[in-house]
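The following pair of complexes shares a single chain, chain A, combined with chain B in the former and chain C in the latter.
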Partner chain A sequence: MLNKNHPLQSKSEVILRNIVVTAMIIYFIVFLIIPIGTAFVGSFHEWNPLSGTFRLLGLDNYRKIFTDNLFWKSLSNTIVFSFVVIIFRVGFGLAIALAIYSKMIKHKSFFRMLYYMPVVTPMVAVAYVWKFMYHPQIGTMNQIFGLNVNWLMNSKMALPAIMLMTIWKDFGYAVVMFMAGLYSLPKDAMEAADVDGASPWQKFRYITIPLLKPMILFVVITSIIAYIQAYVQVLILTEGGPGTSTFLSSYIIFDEAFVKYNFGFASAMSFIMFVVTAVLTWLSFRVTRSKG
Partner chain B sequence: MRSKMKYFLTVAMIFVTLSTGCGRTKESNSVKVDVPTKPFGSTIVYDPAKEINDGKKITIELWEWGSDETFQKLIDGYTSIHPNVTIKLVSNPWDDYWTKLPLALQDKNGPVIFNIHNSYHENIINYCAPYEISVEDLEKDFNDIKPHVKDGKVYYIDFGIMTGSVYYNKAMWKAAGLADNDIPKTWDEFRNVAKKLTIKDGKHIVQAGINFNTEFYQTYLLGLNYQLGQNLFSENGKTATINTPAMKKVMNMLLDIYNVDGSGSKDFGTSGSESFGQGQSAMTLMWGHYKETLQNDYPDIDYGVFEIPSFDEKPYAYNRYNGESTFGINKNSSKEAQAVAQDVIKYFLANDEILKEFNLARCTFPTKKSLTDDSDILAHPAMSVLAEHIDRYIWPGPMPAVVEESLKIAGQDIMYNGSDIETALQKAENSINEELKSSDFTAVENLYKYAKQKK
Partner chain C sequence: MRKKVNSFLLRIILLILGLIVVYPFIWMLSSSFKNNSEINALKQTLLPKVFTLNNYLNMNEHFDFVRFFINSILVAVTVTIIVAYTSTICGYVLCKYKFKGRKLLFGFILATMMIPWCVIIIPKYSMMKVFGWMDSYKAIIIPAMFSGFGIFMMKQNSENIPDEIIEAAKIDGANALQIFHRIIFPMSRNGIASISIFQFLWTWDDFLWPYLVIQSKDKQLLSVGLRMFNGQYATDYGALFAATAISIIPVLVIYMIFQKQFIAGIAASAVKG
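Up next is the complex of A and B:
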């Protein structure tokens, strides 16, 4: 593996490189390729690795998905959840990034850190705190707004309540990403716009947004991928309830695999979600490119 | 050559580190115990003089979740008789336990003895070795053995049973002008008492008389049907019977307690157990383990316990129960290790003191006949109320999780989402039966002592 003609390559560098590369390859094989392959094969079986059940079903699991109302309900909940959360994440993120970026704001690092703090706080901890805030009698939500709402056990309010918590937790990520984008904007473009007498809105509409487009696309796509996998907040706040009002796609997969031990059915659902995620990501690229 | 060696050693070290198990091995805090020298037990007799593993040293692992102290006492007692045996206690968090254990049992290096909860029966049973104690001997010493017999063998039994009882706040009881003789026996009496215990400020509830939010599907929907002579499963034990007049009557009663009597509300307190502990609700129906929750989380609540009321004075059964199981033996472990495990099981089942410890720690009523009249057991509030009718509780069998899950969804759909009872129960029944098609589960309701009296 040692390239003796390379002047900068020392023996220790080569050893380190080989260790890292080997570890990464093994990591991907063990934790990615093998599990995905096993799950794909498992999706055609009645499969419970805990009891040792592994019986060929052919396409039955996939057929069952298409007649399972709860799966489609969960998928529609996931689309609504992802759409709303992404809109607010990007909207709030951009608005606050612009506010911090503006010359009027001092202590920029402090605000950037402040908004980023919920992002680095574990979802489990955040969800438990919000669960307490949503308590119908002693929760701060009702006390601050003078309401009498059972947020998490009301079929109309439970999903919005989970969305609100997720937006609060995650929009700081968009703030930091957009700030990075704003700082990398070419200054001469802004100066030229100033010389041409462009208003702040025109500068935002015709310079900032087009130049930030790659970053917006990045935030949207990573958000789609993240929210299609969202289940921790559901598990802690509502356990999918009341009834099945807040079942999301990843939660139903978790429920099938780790509550009912139908790993085959859960794997089939996972592959459907894999296709849905790929299609949505592709659509995001298409929409952004066509608008560009 | 040396660099290659270094490289492989480093990679190997990384893998050893990554693949190290995450279970917490309990350091033994052994205390001095009295070592028995004479045989003890009733029918199942343990002889401490009998050498184990020919006196040669042997080490085995025992896996469990929680209750480290009682397990350590069991280990200390056993190893004091057999110092050549070392038992490593490995404690796991409940959630991890049920994925780690079945995978660990698939090879010979898994734990030799492991704690069982019957709700995970299907994932565990194929890895268990049968007990070497005969069914006849077990039946002589313990109640409710029959439901655990499979092809004439037993893989685990219940050392104690747990069920639901009503917990009431003594201060609220007294403040409402209620006395000890007001303890309700029937649901009608219960509803009257609940009304008296309710305090309102205009339309708003300040103190609920009864709170069954969150846990009601476990404590009411899955159990009160038996009071009305209705089993949860059909005669063959293979299909669920959920959409029944009995279940509808139970659900209607729950709705009436909130909506007609106004003794509580679906929106008052997120769960009955929590609301009772926080001093917002005067009564809640909970299973025996709730005593531990009150002791640990709400030590200031002064509470009493009474038996679950019934629709009439002589119900078919008062409620369902679930058993706390004895331990499983890993059939894939070595013959020597299995022999030690069989001996530990025998020691456990013959030993009234340790069985009492386990029952008191888990708030379960002992199945061992010699312990049913024990003064320490009867001094326990959650157990004493069960003593009189202990044979009038029924076990449906190790139900798959889908039964509780479906009843939870049905109950919430009715209570919170405005579904009609018939539709929600039918949906639950269909969902359970769909899952049971691929399950080995067979209900054991027909083995209930009074099964022939079913209406």
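Up next is the complex of A and C:
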């Protein structure tokens, strides 16, 4: 694979290519393939780095997961969390992108810059800002709206509070993506629709949405992957509490692995999350394809 | 007339939304200039009544924040430079050089972006222990040297470089490295700018990995430092606001300066991808 000489390539190019490709392959083997393999093997073991245990358990870790209430609770939290945040991210993102894109708005890049700002700021710091905003006494949330809610200590409010923060942080990404999608739409389709006297809604429904579909799919899939892995917000804002109301899958894996040091059990859970991610990604491909 | 009203309303809505988006930053920043009694007061004002720099000045008494800050800058800049270089050269090779298994390799690189961190992190942590890289920046820098996302973006970016330019340089007698460094690298400016900003932000933002592999307090990075600080001085709100502001402001400044390249880069890579 590496030594096949191509007629169009000079000697120095072949050398460069071989070095680069070899380096890439070595890197991905050492830091991806081997770790994934180790995690897979480890998921069938009792694996504790503190006591140095590495004992074969067979399927016990997986069996334990299926009877582990906290795992199921965190999985359902993760699905609710991802679903709600993605709906708002995509919905808001699309609505705002369309608004900025419309002829009525000047200073388009100013608005885009504004909405994208939270996306680039570090999650740990932003989570602290929101933790203070949710503070029952000094927090802005209660001050502005005249409420008296202990957002993060109330098991009904804590997960929505984390979702709200995540939507605030992330919807700007969808705005930028959808605006890029809108600008890449073929102009002639719109002009043809104008000539045919299509209403704005018809244009939106029958031209914009179908043409934007690949971009919507892209945003949905990257969001699924991102939210299944979300844990920093939880770690900073609630640490899974109150009770278990804000345990998300990635947080429980972090907790099992680096608080309790059950590496084997945590690896088994992480593999299940891996499969869940793959299935959801595949599903979103299917759904968007079948509608078209 | 109706159009004008609509346009006005739309602008107002977008502005209000923009205000909601920036409000937390403004609130944090202005609170960092208030003294603690004002922060804890029942009636609050957005702007400080008494402007004070004490939160920033006293912060370093509790915690060596300047140190964390410098550590974070050093690590993030190092990783960013390495990743920008490896992404450009790998993306270029994958785009312009034909070889067997190229599609497979690229597909594999795309697939790596889908792998959740939690699958990799436990074995990677054990690996760092075996390599003896714990509590060293090697553990942060070396496993981050190649980026699937970066390679993907720079491959898309290289598609814009016409083959004729490369051919012409070859006829002029340039070797592959010269072509890459003198022609491809400068021509990939925009892509490099956006991947650099991304990588810098990610490294700056990363919490879990430095938290796991760095133990000495004086080597710790800002994001972990922020959490340690919060754990220990949970009631000194003024200092907490100041510390949080310090870890957000550099990022916002970089964003303000480079936002054009940044947004153009990310959007372009997705449209093509």
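Simple rule for what comes next: the second predicted complex is superposed on the first by the 268 of 292 C-alpha atoms of A that agree within 3 Å, B and C clash if a C-alpha of one lies under 4 Å from a C-alpha of the other, contacts with A are read in each partner's own complex, and residues count from 1 in each chain.
Heads up, the rule we're going with is that a residue touches a chain if its C-beta (ideal position, glycine included) is under 8 Å from a C-beta of that chain, and two chains touch if they have at least 3 such contacts.
Everything numeric here is computed off the predicted structure, so don't read it as measured data.
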*asked:* Which partner chains sit in contact with A:258 here, chain B, chain C, both or neither? Use first/second/both/neither.
replied: both
*Considering only touches as defined above, state whether A:227 meets chain B (first), chain C (second), both or neither.*
neither
_Which of chain B and chain C A:49 touches, first, second, both or neither_ = both
*chain B or chain C: which reaches more residues on chain A?*
C
*Does chain B (first) or chain C (second) touch A:88, or do both, or does neither?*
neither
*asked:* For A:137, using the defined touch cut-off, is the partner it touches chain B, chain C, both, or neither? Pick first, second, both or neither.
replied: both
*Please work out whether A:152 is in contact with chain B alone, chain C alone, both, or neither, and reply first, second, both or neither.*
first
*In the superposed arrangement, which partner chain does A:15 touch: chain B (first), chain C (second), both, or neither?*
both
*On chain A, what residues does chain B touch that chain C touches as well?*
15, 23, 49, 137, 258
*Going by the contact rule at the top, pick out the chain B residues touching chain A in the complex.*
3, 6-7, 10-11, 14, 98-99, 102-103, 106, 122-123, 126, 204, 213, 266-270, 280, 400-402, 405, 408-409, 412-413, 415-417, 419, 435, 438
*Contact footprint of chain C on chain A as seen in their complex*: 1-2, 4, 6, 8-10, 12-13, 15-17, 20-21, 23-25, 27-28, 31-32, 34-36, 38-39, 42, 49, 96, 99-100, 102, 104-105, 109, 111-118, 120-126, 128-130, 132-133, 137-138, 140, 143, 168, 172, 176-177, 179-181, 184, 215, 218, 225, 228-229, 231-232, 235-236, 250, 253-254, 257-258, 263, 266-267, 269-271, 273-274, 277-278, 281
*Can you list the residues on chain C that touch chain A in the complex?*
3, 6-7, 10-11, 13-14, 17-18, 20-25, 27-28, 31, 39-40, 44, 86, 89-90, 93, 97-101, 105, 108-109, 112-127, 129, 143, 145-146, 151, 170, 175-177, 180, 197, 201, 204-205, 207-208, 212, 223, 226-227, 230, 237, 240-241, 244, 247-248, 251-252, 255-256, 259-260, 262-263, 266-268, 270-271, 273
_Residues of chain A that touch chain B when the two form their complex_ = 11, 15, 18-19, 22-23, 46, 48-52, 135-137, 148, 150, 152-155, 240-245, 255, 258-262
